[in-house]
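The same chain A turns up in both complexes below, where it pairs with chain B and then with chain C.
Up next is the complex of A and B:
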């Protein structure tokens, strides 16, 4: 009994320590959200940078710990100011999700930069301080546990004092409560935005430094997950409220620690994203947020798709030009460019189908589907399992995969469609993660971490497709069909209804349009084609796993759709082609890929926010 | 513009040099490497490069292969099956490439196996320990120490150390799952009870809940099926909890990264390695000395294996000649090639794998890998 109590006390302590770190991340995100109504996706990368700053100061420059931690926080604040000036403020005018997407781009660049500067090999601190352990009743507590608990408590107190006692702090709180009223009362939006970024980034960098010390492990790839955990904590507590977000961090830390203790380590993601979705669907204002004040259900103004990105100048090729382009694509293999080029292009056609689906969902029902790759994963596993385990032929398995993705996609998106603005983007991100976590943990069906290997090549009647030319034509054909179907859907009465909903949902609903069912239908149509793209991937590459279609693939798809122009199907084609060819061209720039992708996203948003071909 | 001009001049020079070399019949023999240089597995691709480079310096200083220089081209795939397939198409259609090698994980390699097999270019999966890898066809060969050999060796080490009731921590990837299954089965055969088996994801950082669970289950030791960066986190968190029980790690941790990352916590960890840097064989001693001079660091399992594999590929091409089909045949014929890891290595022409396995029982002392002195903890 003593051992059991000791074990559970240890789990609670571990959860509290973890929760304190999440709370720091969440406080930073909540500050920025309050001051600028912006979900800052670069926060995870600042966290990563903070851990490197502490490592550099301690391991390379020999600073003592008490100086290195504030040093890392100051470096973080400077980085935060730079992000605000370079990747947020210039995008304000574009409105809507442009600044959010710009922070994604800034984060990608920071991660890539760290990989180049510090190499991908993880680092550790030479002589770790605070290794002593103390016994407090049933709990054995380490020096680093105490350091984290104290440092976060100090930060929380400092933050509270700043918000309550200083003029700038009061301005931030006022902006968080009602941005427009605060502006009218003379709160300067720009300087309070910059202050919020600086403080938030200092907190994020400090969290990164503390965790780096705690695990004695520093690597360039830890940022994305840390950022996601921060959002989860924020939403769990109540987006916008700083205290509520920090409390959300503690709940998340405790939930994870106890969940892992009960179910095992591979369930960590399922526990945290499951909590996120449960809160979003059941109590979107958060555990500690006040009902009614929540931006969740009334936030149409906040990011309506009408103000999504500028909708102008959609370019569409004339009929003869479109026919010529299609002919050129058909004739290309005749020019004998070699199997390598054909293979890369076949991959590009599949990405294009994925980007089309994303663009349709964003342009039609106006859903920023940040977890769209989850639908591809569903399609890939459906078709792979139907052919491998149930022995189905390729064609029915392939088509069923699309249907399964459509049905499952609609079923999991339906509750999310009640939400708006940032919430739906975060919910979609969570859904994408959940799909992959379920695939990983549903061992008996999906073979878990082993993935599905040896998926048979596509076969049309007696013709087995194994050559690069065959892959090329098959994916081009599916892409053509998808393009025609989605273009027709946009022109149809359904498309008109969707546009009406997007432009002015209140007016459309008052005309008797059932917003949620139309959006769900449109989402299902998009999901069908994302599922087909996933199934094609599975059969062409013969192998899929829960990692094939992760969040980074979703973000790549979003980048493609935005680069081309949201809602513009031709734009999605162009965006997918350019970004699929890019890694091939960039093979020489090892480690620099993240930097280039991030820069493209930032530049496209800055100079052509409507996309290369314009959005509609 | 100046850049463009410089680039075009470089290309022109390269073309001229290439044409000249061709006329002389001295253009280098090329091996195509497919592996991760960016992304989460980039560190292993970098280790390969070090091993390859040292091997090639020696090979080419000794006159190359069949009188020609041996070289490799390394294409970054991030260990992503989508990219290994594209890279395979590239190598297949490049007539200068006589042999392809890589990728990092067995599943990434296996995604491309069908292409290599159909095109008749050997895919030498030197890092691919999955028993299913060479089933791809008669062009798929591997000299990786097989999980089927390593797992029983690790289990036997745990048993010899006197462990009776262990917790197994296993990476939840295709490799970890395969190797973990084999290790757990071997532990069972050796009469070691597995009280707890925890599969963790590659990006896991917080092992404390699982460690506390193992403690509550009353285990008397830990068995790892992990890579060095995870194992370093694990040992630090286990020791950080004040738990001083024996730890038996798998061969992939016989790399300088492990004690470097884990620091003092790595002291006394037992590693069921594939070879020992203290092995008195002169070739091992000469190699270890050379490695330290060249790179100023201790031996790394992935780099040593890459070095060994490059030497082996050179021997195969020397025997068969720079022709794709002849190389396939030579893999089955090559005999007793000197090797750091195996001593001498030959292929089993039926399984297209290596049956030899030396194995070494190592323990970490003062941050170095030493041969275990036979004392139980």
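Up next is the complex of A and C:
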């Protein structure tokens, strides 16, 4: 009994500590959202950079902790100013989801840069300070716990004082309440945006440094999860309110620790993303937000794709050229390029199918599906499990994988498709993540963290496909079928209806078009082909795990679709080939790749938002 | 039985009572003009009828069916269609596609109940003969509707809607609404932003529609237009209905004159041509 109480008290303390850190992240996100109406997807990467800054100052330069923590915060602020100047301000006028995607690009570049500078291997602090523990009744509290609680409380007080007492702070609060009115009253959008980014990034970097110390674990890949935790805290509290977001951080920290105490530590992610989706679906205005101000569901300034994409000049090859390109793809293995090139190209065809699916849901009904890789994971596990465990032959298992991805994808997206603007972007991101968390935790079905190994080779009747050439043709055939189906759907009356929803949902609804039903149908169609792409990947590599289709793969797919031109299927092919096969064949280092992908996303959004081949 | 009968409609936004206990009816083939100063609640009323917004209380009976809790889908299927004050066309779609979308609720797939998702999917992938025939029929209808505006829209049928002038976008919106063959057409300031000659042309067009028996509920600030087509006028102010009846009677009503012009200027007649500014945000 005493041990149980102790472990619970320990979890509550742990929840408070992490909750305070989430509160810092959330305060930063809320500040930026208030000042610029932008969900800053780079915040997680700034957090990661903050942990490296602290590590570098302490481990390499030998700074004492009391100097290194402010140092990390200052480095974070500088980084925030740079992100604002390079990835936010130039995209102000683009409207719609462009600035949001630009911050994703900036985050990718930062993550890649950290990998290049510090290698992907996690780091730890050489002489961890504050390792002493003190007993407080049933609770044993560590020096680091105390440090984090004090530091975060100090930051929160400082932030509140700044917001209440200074002119700049009042301007930020005014902007958070009513941006237009604040601008008319003389709050300067640019300087208040920059100030918000600097403060938010300082807080984010400090949060990263503190958590790095807490777990003594510094890695370039922690940013995404940290950012998503921050969004979760923000949405839990009510997007936009600074105090509410910080309260949301505490609720998230305590809720997570409670979940861990009840179910075990691997459930941490599942609990927090479950909370995220639950709050988005049930009470999108947040626990502390006012009901009926309906920003999440309608009204306000909706951000959709229609307003952002200059849908001009979609290029499509003439029929002879299209036939020639298809023939070239069919004839390529005859030139005997070797199994490596064929395998890379087979992977590229699968990526292209994924990009087509994304381009269809974005270019049709205008859903920016930021967690699309989760659908691939569903397809991969479905086909893998049906062949491995249920002993199904390849063809029915493969087709069922598409259907399962379509049905499950539609079922989990249906509640999200009611949301609008930033909320749907966050929900989609959360959907992709929660699929992988469920896979990780549903041991009895998915073998959890082990993943599925030994997935059998595809067999068509008597023909077993094991060679690289065989895989090349199989994935090319599936890609061709997917292309034909999606192109037909876009040309049909259904495609017309979907585009109307993208262009002006209110007008479409007034014509009797059921917005959510049609979006769900389009999402299911896209999910079917994403599921097939996942199944192909599973059989190609014979192994799949909950990490195979992570968020970075989703973002890569979005980049491919945008680079080619949303809604333009030929563009999606070109985007996928340029971003998947080329870097592989040119043998970029992994980190270098992140920098290149992020830069391509930023440049495409800035200079050619309609994509290389134009959108339609 | 009236075509549309609204009883006791109320709607508040936070503390603002945009609509208070309003009754309104439209008969088959009748044209009702809805007038009132900015913020009177006219567009709120139109939003409630078309289903873009829900009333706090009151009932909306359309062709005998209670609609106040039904979604826009059901209302469109029953024969309600509307245009928007700000002119909301699908800019990146062709002019023809805009009109075809107006016929969405009439397509066989839309009328197939729960089976319609399977039908939509099968049609999209297989393009069966039945779909081709339906599309041909709807395209012919669309061409006719576009032709109704003379040379304004028909030659641009294949162009994207964004090439159209503002006035032509408003015309396209009317054509799109008519493609649903509505029993009642709801027009929210159909001539907002049009110059006098374009306004006159639109008046002629709406008169011809009326002559064919089209029932309409029209919000309009330009008095000559609203007087030129309305069988009945309903005047609103501060969310309430303040007068209803024949057009001549309503515009001479003391409360209406006061609501529009304020009590200080009894001499300026509503014959000035404009009541209030040409556009309104409510």
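Operating definition for what follows: the second predicted complex is superposed on the first by the 601 of 616 C-alpha atoms of A that agree within 3 Å, B and C clash if a C-alpha of one lies under 4 Å from a C-alpha of the other, contacts with A are read in each partner's own complex, and residues count from 1 in each chain.
Here, a contact is a pair of C-beta atoms (placed from the backbone, for glycine too) under 8 Å apart; a residue touches a chain by one contact, two chains touch by 3 or more.
For clarity, every value in this text was computed on a predicted model and none was experimentally measured.
Participant: Pick one for A:494: touches chain B only (first), chain C only (second), both, or neither.
Facilitator: second
Participant: Look at A:440 in the shared chain and tell me whether it touches chain B only, chain C only, both, or neither; answer first, second, both or neither.
Facilitator: first
Participant: Check the residue A:191 against both partner chains and state whether it touches chain B (first), chain C (second), both, or neither.
Facilitator: neither
Participant: Between chain B and chain C, whom does A:225 touch in the aligned arrangement: first, second, both, or neither?
Facilitator: It touches chain B, and chain C stays clear.
Participant: Looking at the overlay, what does A:525 touch: chain B (first), chain C (second), both, or neither?
Facilitator: second
Participant: Going by the touch definition up top, name the partner, chain B or chain C, that contacts more of chain A.
Facilitator: The partner that reaches more residues of chain A in the superposed model: B.
Participant: Return first, second, both or neither, reflecting whether A:10 touches chain B, chain C, both chains, or no partner chain.
Facilitator: first
Participant: Could you look at A:504 and tell me whether it touches chain B, chain C, both or neither (first, second, both, neither)?
Facilitator: So A:504 only meets chain C here.
Participant: Between chain B and chain C, which residues of chain A are contacted by each of them?
Facilitator: On chain A, the chain B and chain C contacts do not overlap at all.
Participant: Contact residues on chain B for chain A in the complex?
Facilitator: Residue positions touching the partner: 37-40, 42-43, 46, 75-76, 81-83, 85-86, 89-90, 92-93, 107-108, 110-111, 114, 118, 132, 172-174, 176-178, 198-201, 203-210, 212-213, 215-216, 218, 229, 232-233, 236-237, 240-242, 257, 260-263.
Participant: Please output the residues of chain A touching chain C within their complex, sorted ascending.
Facilitator: 292, 306, 311, 485, 488-489, 492-497, 499-500, 503-504, 506-514, 517, 521, 525, 616
Participant: Flag every residue of chain C that touches chain A in the complex, lowest number first.
Facilitator: 14, 50-52, 71-73, 75-77, 81-82, 84, 88-93, 97, 100-102, 104-105, 107, 109-110, 117, 120-121, 123-125, 127, 131, 135, 176, 180
Participant: Can you check the complex and tell me which residues of chain A touch chain B?
Facilitator: Residues 3-4, 6-7, 10-11, 14, 18, 115, 119-124, 126-128, 131, 133, 140, 142, 144, 211, 215-217, 219, 221-222, 225, 256-258, 260-261, 264-266, 268-269, 338-340, 342-344, 347, 440, 448-451, 453-454, 457, 466, 468, 537, 540-545, 548, 583-584, 587, 590-591, 593 of chain A touch chain B in their complex.
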